[in-house]
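Got some structures for you, see below.
Next, two complexes with subunit A in common: one pairs it with subunit B, the other with subunit C.
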Partner chain A sequence: MQSQEEIYQKVSATLVEALNVEEEEIKPTATLQGDLGAESIDFLDIVFRLEREFGIKIPRNELFPESIFQGDPEFVLNGKVTQKGLDELRQKMPFADLAKFEQNPDLTAISDLFTVDMITKYIETKLATKV
Partner chain B sequence: MRWIWIDRFLKFEHGKTARAVKKLSLAEDYFEQHLPGYPIMPACFILEGLAQTGGILVGEANDFKEKVVLAKITSARFQREAIAGETLLYDVELVTLRPEGASIVGKVYAIPPGVTAGEPSGTPIGEAEIFFAHLDQSRSQQLFGDHNFVFSGELKHLLGLAKASAQRTEGAS
Partner chain C sequence: MRLKDQVAIVTGGSRGIGRGIVKAFAAEGAKVAFIYKGSQAAADSLVAEVAQAGGIAKAHQCDVAKHDDALKVVEAVEAEWGSVQILVNNAGVIRDGLFVAMKEDEWNVVIQTNLGGTFNFCHALAMKLARQRKGRIINISSVAATHTNPGQTNYASSKGAINSFTRALAVELAGRGVTVNAIAPGFIETDMSENVRNKAGDLIKKMIPLKRLGQPDDIARAAVFLASADAAYITGQVLTVDGGLSLGAVAV
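Right, the complex of A and B next:
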């Protein structure tokens, strides 16, 4: 069983390769798009690499769900994610830390949920349930 | 000038590896300007050759049903220039293939004039990791229809050429 630190180190190395960033830029709280400059195609690259690195299968939309709300007004109202939307997020991304987002659930800030820490937690869960 | 940057496949293993050859002729247009008096192949064209070799490997893996587009060159390193008169060998390995896309790693070897090309030897003059995306099936159909504009003609025919050539060799032996 790999420790959280080992997983974090491997996730960091993966991001350094996929995003061509310096290791010093990688922090648990670093956001993939905002801080590390990831673009949409990079998410797929990261998924490929994580699968190889950890020997796991990452189904489409599991780690990085695309268009979670599909423009549903029950989930998003006036650019803010509703309580129901937050519940949906919690269910779809149980590994994401929603604490900060909940204070100001602006839809545009949703990409800030994709952090280095989120990937690490996801991998931990994935490895723990790996048969 | 046609946008085709490999001459022939030398090896092709479905879903695994491919090797293509490209001979650099001084008659090619780009040598005139790049560079006057010192004809070296621009590295971006070397990458294009590698991407075409890899792209066909990726496309063939799904029987050319997907529209394979170059999405990202994750890394590329060159050790030296490729000079007119040399033969380039593009060795490509499929690393990942998924419904959404694929990634390959490729090495480029330069064979000096007078040496028989076939097996790469020595250090590669360049290496790259290339990432391809399959255009979203439903969206690309709306935009482009059923026609596969990536593998419409020459790129796909290159494989047929390689097969025909292999059959001739087998028939002769």
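Right, the complex of A and C next:
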């Protein structure tokens, strides 16, 4: 079983490669889009690299769900994610830290949930359930 | 040499425009893996011709319409020469005929070869080019995409789609330093245009402001430019190389 630190180190190395960033830029709280400049194709690349690095299969939309709410008014109202939407998020991304987002659940801030720490936690969960 | 030590894949490389591109790329220092489907004699003669001129080219037999074939060719090229930097999707066929009489197969083979082949090779290479943060994709379109004659619904559709595909893929890959452009040739003297030229060659010449049919070299030079460092800031464009034909001058 790999320790959290080992997983974090491997995730960091993967992101350095995939995003062409310096190691110093990688911090647990760094957001993939805002801090590390990831674009849509980068998310795919990260998924491919993580699959190879950790020998796991990452189903599409599991780690980086695309357009989570698809304009559903039950989930998003006036640009804010509703309580029901937050419940949905929690269910779809149990590995994401929603504490800060919940204080101001602006839909545009949803990409800030994708952090280095989130990926590390996701991988931890995947490895723990790996058969 | 503008493409020194780069590895290029050119589909439909043994004859016509593709052959011109293979020779031009090799003359500029690239190692060129070209794809041919059935013309083995032409492929062999091209390898020899390039070698004689001091260049490096290798022929790979493959049906570009088959996704798995494209993957295998890319793997074979990488195994021999390392990573690929340039892809030219040139393989194309015509099955001209009036739409009402067009057979389903005549539609399918044109779409699957021209558009499908472009998809297959881009699909096999795009992520690799993106990862190396360097790459050039050049799709060979046609003025027929925008200026059509009767009998080319299939061909015009495939080329119009290639133009759209070029722009759409350019947007996706730009962040990774990969450019995607197209060249739209006009009437070029190749086997493919022979029938039309025989029927209407003189008329066509009159319609071309530069007063001559194009040669494969005319397209090859444009391809070298788009593959070279000179074109680093150009992406998602369709470069028309047709002697002015598509300008639509009535009396020239």
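Keep this in mind: the second predicted complex is superposed on the first by the 131 of 131 C-alpha atoms of A that agree within 3 Å, B and C clash if a C-alpha of one lies under 4 Å from a C-alpha of the other, contacts with A are read in each partner's own complex, and residues count from 1 in each chain.
Operating definition for what follows: a contact is a pair of C-beta atoms (placed from the backbone, for glycine too) under 8 Å apart; a residue touches a chain by one contact, two chains touch by 3 or more.
From a predicted model like this one, the values you see are computed outputs, not experimental measurements.
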| item | value |
| --- | --- |
| Touched partner set for A:32, first subunit B, second subunit C, both or neither | neither |
| Subunit B versus subunit C as contact partner of A:60, first or second or both or neither | first |
| First, second, both or neither for A:41, with subunit B first and subunit C second | both |
| Which of subunit B and subunit C A:119 touches, first, second, both or neither | neither |
| Partner chain in contact with A:76 - subunit B first, subunit C second, else both or neither | neither |
| Subunit B versus subunit C as contact partner of A:52, first or second or both or neither | first |
| Overlap of the subunit B and subunit C footprints on subunit A, listed as residue numbers | 20, 41-42, 44-45, 48 |
| For the subunit B and subunit A complex, residues of the former touching the latter | 71-72, 74-75, 95-96, 98-101, 103, 131, 133 |
| In the complex with subunit A, residue positions of subunit C that touch it | 127, 130-131, 133, 172-173, 175-176 |
| Residue numbers on subunit A that touch subunit C, as the complex places them | 20, 39-42, 44-45, 48 |
| Subunit A - residues contacting subunit B, complex | 17-18, 20, 41-42, 44-45, 48, 51-52, 60 |
